[in-house]
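These are the structures in question, set out in turn.
Below are two complexes that have chain A in common, paired first with chain B and then with chain C.
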Partner chain A sequence: MLINTVIFLPLVTALVLLCVPRTASGALKAIALAGAVATFVLSLTFMSLGVSTVADFTAPWIAGPWSAAYHVRVDALRLFFVLLTTLVSAVCVWAAFSYAQATRLRGFLFLLLTFETTLLGLFTAADLLLFYIYWDLMLIPVFLILSGYAGSDDARKAAWGYLIYNGAGGLVLLLGIIGLVNQTHTFEVSGLVPNLSGALSWWLFGAFAFAFAVKTPAFPFHSWMPATYTQSPPPLVAMVSGVQSKAGLFGLLAFALPLFPDAAHVWAPLLLVMAIASILYGALAAIGARDMKLLVAYSSLSHLGLVWLAFFAFSITSVSAGILMLISHGLIAAALFLLLGFIEERVGTRDLGAVGGLSQHAPRLAAYMLVAAMAALGLPGLSGFAGEFLILIGTWQTQPLYTSLALIAVVLACVYMLVLFQSLMHGPERLPRGAGPIELRPREMWLVAPLLAAIVFLGVWPGWLNDRTPNAVTAQPPAVSTTVGRHA
Partner chain B sequence: MSFQGVSISWPVLAPIVALTAGGLLVLLVDLASKAIPRGVLYGIGVASCVAAFVTMLPLYGQEQVTLNGAFASDRFSWMFDALLLLTLAVTLVLSSLRKAEDGGNAGAYAALLIFCTIGGFVMAGADNLIIIFLGIEQLSLALYVLAGTGFPREASQEAALKYVLLGSLASGFLIFGSALLYGASGGVSLGAIARAAAAPQGLFVAGFALFLVGLSFKLALTPFHTWAPDVYEGSPLAITAYMSVAVKAAAFAILARVAYTVFGHDSVALIPLWGVAILSMLVGNLGAIRQTNLKRLLGYSSIAQAGYIVVALAGVSPGGLAAMLFYLTAYAFTTLGAFAVMALLGDGSDTYAELASYRGLFFRRPWPAAAMALFFFSLAGIPATAGFYGKVLLLQQAFGGGPWGIGMAIALVFGTLVSFYVYGKVVWDMYAPAEGVAAVPSGNALAPWIAVVAGAAGTLVFGVLPQLFYASQPFLTAAVR
Partner chain C sequence: MEGFVATVPFTILFLPFFGMVLIALAGPYVPRLGAAIVGNLSVLGSFVLTAVLASYVWSLPPDQQVLTLKYPPAWATHPAYWAHIPPLTISFELRIDPLALMWMLIITGVGFLIHLYSIGYMQESKWYRTFFAYMNLFVFAMLMLVMAGNFLWLLVGWAGVGLASYLLIGFDADRMAAVLAARKALIMNVIGDVGIMVAIFLMYAHFGSLSYKVVFANVTSAGTSALDWIGIWLLVGAVAKSAQLPLHTWLPDAMEGPTPVSALIHAATMVTAGVYLIARAHPIYDHAPAAAMTVAVIGCASAFVAATIGMAQYDIKRVLAYSTMSQIGYMILAVGVGAYAAGTFHFVTHAFFKALLFMAAGIIIHNLGGEQDIRKMGGLAKRMPFAFLTFLIGTLAISGFFPFAGFFSKDAILDELQLLGHPWLWAFGSITALLTAYYMFRLVFMTFFTGAYRGDHEPHADRSPTMEVPVAILAVLATIGGWLVLPGHDEMSRLLQGAFGDRGILPTMGEINWFVTGVTTFSAAAGLVIAWWLYERAPQLRRRLATMFAPVQRVLANAYYIDTIYHWLFEVPTLTAASDIAKYVDPEGVGGVIAGVARTTTGLGDAMRGWETGYLRRYGLGMVVGMVLVLAYYIFVVHGGAAVGMR
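This part shows the complex of A and B:
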């Protein structure tokens, strides 16, 4: 039952908020934050699970010719995605206090908390129908926040891009799921190796991969991303880029790769090209970006492309390193987008050319920013390095050519992250007129601090996570392990 | 009991008798005094729904025929009858609002609605071409009048006229097709036609084609859909709600019975139907994009939804009937709920049929807005609503339907994607910041609230626990004989 408590506590908190008057903003903030933090604390208890045990809850749901179960599970694979979600969500709920007009704060917190429940549901779902339900439900809070809270017409347009693109991905995924369940007659597919014809599994894996590529996003299905990432209010974009972007890659590990191991190999050459294209295109676009959020958005594309590469290189090191990289990227992206949000809020622009020299006025902000940016470019000692390094070691064994191409992006990452940091923090002071005090307020410092702490922690002790995940992947019976075995 | 050689089983006909009695009672009470409040007349109408439902209860799970096999009461028709009664009750409730349009003659209006529904009952149980035609005509004739009851508005007159003209054309196709089918098979029962279908000749093919065209008109399937948006927009609000659910349900009862009784699993005769369904899904959803009137938008939406429902028949498999009934039920709860929100806010009038009046509604009237969002999410097929699981079932059937089934599945998915925009736009407008937008005054009567809550409950419960509906699935597998 602990699992269900963790999944639904944010939703229950959100419903409680509806019972509080809209004007009682103090109470609203207290309840929302308490709910989000309690969820995080509860989710930490999953850490006590041994490597091979799982927390599991199953209830019969739909019987008949097609059966489905309400089956949720936290195992070694899902554990870190759950922890990432609860941590980033708690931070974002706290960050949201300053972003909505007072009268609309309740709705904003409500949507963020429901978003958290859909994410937690997704990362714990062991039944495909359940997985799909959360996959699609995620669209709604993001769509509503973008259309209702960002306040500009551009943001309202971005909401459409987000909905239609991700909706398309979702519907293709639904076709794939139905095509699969037409053969298995059950949505409870974890651990199942369906006996499919080669052509059918080729199509089905293609459908899954398309949906996952849109959600991540991976080149060339990323065109919804720039608008969504730049227009979203910071707490939302921190959750979308920090957590939601992991949904597709999680889906690959939890469902697509185990279900269609052979088709994955057939598709791999194309998907590897997509990965390299994401890595290089993202890095080059980030160098060219003059909009600070856009720069981080493209750097996300590049970093997640590396994980995509890791998964389809089919070497055991790279797959488990990919998980480390995903978690690390979630922390870094959330921290970067929140910090950039604070800056944008103060200076009123995202244009890198219009802002500079902030470190003179805001040494603490500069220090925070430095940690996050260095982690993003892969400085040893911070979490970004370990994941990147292990991925490259792993992929080198099976895909040396692509690995060398990916290495270019590692260099480029230094370029764009240093450009971002230097133009914001160093150089002569440039501030738009009327900008208020720049330095971080105490609340802002406290709320970003856990993310930075986690970044440092994973940087100095990646084994804390990495030692658990290889088992996670091999424990995924049986496909990823066999896939890996065949080529390693 | 038999009368001049025709066997009559009164228990089977009891629901129809109860409704007839209710309709006549409404007329008599209305005749007795002009001072009778309209609430009483509509109340009698709802009471006759309840009475009819009570008489239906003993028939649940039964397989009976009467009128020498021309009229069946089976598990299949029972579900349709229940849907029709639900729709009738909701329509009566919505019609009872202060500003609702009943042409100042509540008695005749309520009675016509009830008689209309009797036509639907006849269609649901019809096992014979003549009975099919009788049912359709009874339903249609009453609806032609009802569409025009908002007559001070020109749009309502236009709607009635268009409906009569195109409806009569459709009836012409139907009866001509029926005549040819009779000629080809030598009988009017569906059993006789099934025998002729085993070795189809030119006469049979022509007859069935015309029959299908007539039915497609009634279902507003593309390319026979052009009347629907205008008629939906012009008719009084409650009548539009009734049309979009009851007429579709009854006509689908006929279509399914014909498809399952007359044709087998891999019949080529149904291919035109699959083509029509694909067109409907595309045209209905694409046409809805530019609409600014919600009734009209739902008119286009109903074209697309009819296309979706046809997909359930793709494999002509037992599960297809269950899928169709589930989707129809989901559609009924959802659509009636959406119309109930419109009626609630506009107090029965059309003021909330304009999309513009929904701007910022979330901040003025959060609960009706949330309900409307839920209904539109369900129509779009967002998970955790009944519409979503309905689509899962439809896609399941489509995958069992060969290449045409796959084609329909792709059209369904594409149409759904377009509909994300169509329905999302309404939600988007409701959630938009509304500074400087004049708020349209909105009503808050109790009666439509009941319909809204019922619709929302059905949409959510069948969405989260579809098993509740599916529990009746063993009944449905053998539904059509």
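This part shows the complex of A and C:
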């Protein structure tokens, strides 16, 4: 039952919030934060299960030839996605306190907590129907926050762009699932032992991959991203880029690759090109971006492109390192977007050209930004490097050409992260008139600190995570049929 | 002894790190001097322990002088690895051997002297405590680099010193020149990091491990061409870090950093990491003749080219920066031809005399209120006798005059070039020796002589013992440091024997080749005489020559326009492409096309406009209803309700 408690505790907390008067902001904050932190603490107990056991819960749901079960589990593959979700969500709920007018705080917190439950549901679902339901439910809180709480026309447009684009992706995923279940007659993953014709599995894998590429996003399906990432309030964008963007790549590992191993190999050449395009295009766009959140958004495109490369290079090392990279990117992106949110809140602009020299007034903010930027840049000793290095050492063995191209992005990443960090922090002081004190407040320092601590920890000792995801990936190239060892 | 060997190296490594953490945590709650003391003591502690460790290691027989330390130790029940994705395993491991010890002694020893010097030099800085924290970070990362037991930890240290260098070059963060110099340094260093990464990937592919022990033991199992490629990619890293051609352009700009930084990072230690890397990977280069030759040629070319540029510069620190590039060229040349002991020897003496030169120059700059242009100096010999004397010793040492340190090490390198049969490399090395003496004495004459003082403000002559004591110590070392190798008594090769085996003891280090020594000494003397003639005796002749060779002068003053070439070749195209993508292609191209198609084909745009007037709740509700309808359609209509058991 622990597993269901973790999944639904945020939702229950959200419902409790509805019983509290809108004006009692102190109580609202306390309840929301307590719920989110409790979820995180509870999710930590999954760690004690060790690597050989899993938390698993099954209840019958829909019987018949198209059977589905309420089947959730936490195993080596899912564990760190769950932990990432609970950690980032707790941080973001805390961060959210200052991003809504007092009267609207309740709704904001409600939606963030609901969002957390949908994410947890998604990462624990071991049944395709369940997975799909969460896949689409995820859109609602994001859409509502974006259209309702950012308060500008641009944000409302961004919300629609997000909804339509991701809705379309979801629809294609649904078609793929239906096509599959039409053959297997069950949504249960353990029952999904497809014996599909080559052509059908080619189509189905394509459908899954399309939906996942939209969600991540990957080039050229990323055009919902710039507006969504720049317009979202910081806690939301931290959750979307930090956690939700992992949904597609998680879906690949948990479902698409084990279900359609042969089709994955047929698709791989195209998807590898897509990966490299994301990596290089994202890096170049980030260098050119003048909007600080947009810069980080494009850097996400580049970094997650690397994970596509990792998965479709079909090397055991790189697929496993891809998980590390996803977790690491989640932490780094969340930290960066929160910190940029603090800066935007103080200076009232996202324009890199309008701000400068902040480090003179805010050495702590500068130190925090330095760690986050260096992690994104891939500095050895921080988690970004560990993911990147282990991916590339693996892909080099199977795809040296693409790996060489990806290495160009390592240098480009240095350029855009320095542009971001130095434009904001160094140079002659430039501040828009009326900007308040710049330095981080204690609350802000404490809430970002866990993310930075995790970034440092995973950078110094990524083997700790490797050892806890041992059977997540046991692929043997060229057949990936056992990609997810425990599900096969 | 077990416990001693297991704990001391970790203590050496982490003392500077904890010093940094302490300074950072204490922040403004301790007085400025407190931070300085913590920084100094932690590095001094590391030095003392290194000396103890070194004396222990060198007391062992040469074939037992390599200590490998793994964490956790082999008997631990829970092994831990930095990365563990079988078959890939990367351990936490250190390797202490004579090569590492030589570097550790210089890093902590010279590092301590420069920390001491900084107490006074940085007095007026607003970020005094931060400075010491960064300097400690540097010492920690540099120790990591040389103490690493596999290529991964080498890379961690490698990038760590890059970070420290970046932070300290841009230390005066409100000056745009410093900010841009820092950016350039880090970007070029990351290019080098990528080079090392590729070498690592190749090594993993061929040897299945990154551990020095495994790689070096199995070196012959890979073919020559594979080893050549590994060697070339390692060289890319070495070239970027050591400011050799063609990735050298960041070093002159790095002089934007405070002078103690230039002395420690951009002269004595970090920039010699490339030399260390090649000496460390010597089993690879021993079996990769093409790569080794490339190393030697690049070192030789860098030594020569940098010396020519140094002749035409007017910023005292830039001249020293080009001289650093040139002297490191000698070291790279030496390790490229396999003269590892000679290269290491020159590293040691160079650390003494180049740190000395920078710190003496720092005293001058300090007392001139930040002036660095030698055209605005002159006649300072009488006004700053201490700076003059110490700078002169440094100059004599770098020029290779007997009996100063540089004489012995430069002579050792040139000797070995002759002996190993590289007459062309030797010839260029000797010409460079002449150029070195010329531009260094040009610097001495323009700064300390050539008539009266030409500057705008009156120099003040502050004397601070914390600045002068370390300079004096280095002056002594720059004088006697070369006596490690005397005729018939080659202490350097003996010390390094455990690291290089037979390669350490080339016969010439302790012998005198009168021909080579004669040419070297003659070159140095000729450089001195020419500089003296042109600057003290016949300034008219100098001016005439300057007009005659004006175009040459301009090319040299602009460092062969390499920066300009890189600007147009790399920077402009990348930045243009980037800003075009961000401004036009992405918003209007990729995004625009897709949105346009969606709007025109489905009329979604119109539908949306009508919807936006509604309540948020309706959007959400509508979507869920939509999804449910789609789902229901498939379940009930397509499959006649079979899916939910309604037959």
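Following the convention adopted for this analysis, the second predicted complex is superposed on the first by the 470 of 488 C-alpha atoms of A that agree within 3 Å, B and C clash if a C-alpha of one lies under 4 Å from a C-alpha of the other, contacts with A are read in each partner's own complex, and residues count from 1 in each chain.
We adopt the following convention: a residue touches a chain if its C-beta (ideal position, glycine included) is under 8 Å from a C-beta of that chain, and two chains touch if they have at least 3 such contacts.
Note that the coordinates shown come from a computational prediction; the quantities given were computed from them, not determined experimentally.
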- chain B versus chain C as contact partner of A:Asp136, first or second or both or neither: both
- Item | Touched partner set for A:Phe205, first chain B, second chain C, both or neither | neither
- When both partners are placed on the shared chain, which of chain B and chain C touches more of chain A: C
- Task: Report for A:Tyr402: first if it touches chain B alone, second if chain C alone, otherwise both or neither.
- Result: neither
- Query: Does the superposition put A:Tyr368 against chain B (first), chain C (second), both, or neither?
  - Reply: neither
- In the overlay, answer first, second, both or neither for which of chain B and chain C A:Phe97 touches. neither
- Query: Is A:Ile178 touching the first partner chain B, the second partner chain C, both, or neither of them?
  - Reply: both
- Task: Considering only touches as defined above, state whether A:Asn466 meets chain B (first), chain C (second), both or neither.
- Result: second
- State whether A:Gly151 touches chain B only (first), chain C only (second), both chains, or neither. first
- Applying the touch criterion given at the start, work out whether A:Gly288 contacts chain B, chain C, both or neither, answering first, second, both or neither. second
- Query: Of the residues on chain A, which ones does chain B touch that chain C also touches?
  - Reply: 62-66, 136, 139-140, 143-144, 147-148, 156, 160, 163-164, 167, 171, 174, 178
- Query: Of all residues in chain B, which touch chain A in the complex?
  - Reply: 319, 362-363, 377, 382-384, 388, 391-392, 395-396, 399-400, 409-410, 413, 416-417, 420-421, 424, 427-428, 431-433, 465-467, 470, 473
- Task: Spell out the part of chain A that touches chain B in their complex, as residue ranges.
- Result: 61-66, 104, 107, 129, 132-134, 136-137, 139-140, 143-144, 147-148, 151, 156, 159-160, 163-164, 167-168, 171-172, 174-175, 178-179, 181-182
- Task: Quick one: which bits of chain A touch chain C in the complex? Just the residue numbers, please.
- Result: 62-66, 136, 139-140, 143-144, 147-148, 156, 160-161, 163-164, 167, 170-171, 174, 178, 219-220, 222-223, 226, 281, 284-290, 294, 298, 316-317, 320-321, 357, 359-360, 363, 374, 377, 379-381, 385-386, 389-390, 392-394, 396-397, 403-404, 407, 410-412, 414-415, 418, 422, 425-429, 461-464, 466-467
- Query: Inside the complex, what are the residues of chain C that reach chain A?
  - Reply: 80-85, 88, 90, 130, 152, 155-156, 158-160, 163, 170, 173-174, 176, 179, 182-183, 186-187, 190-191, 193-194, 197-198, 200-202, 204-205, 574-575, 577-583, 585-587, 590-591, 594-595, 598, 604, 608, 612, 616, 619-620, 623-624, 627, 630-631, 634-635, 638-639, 642-645
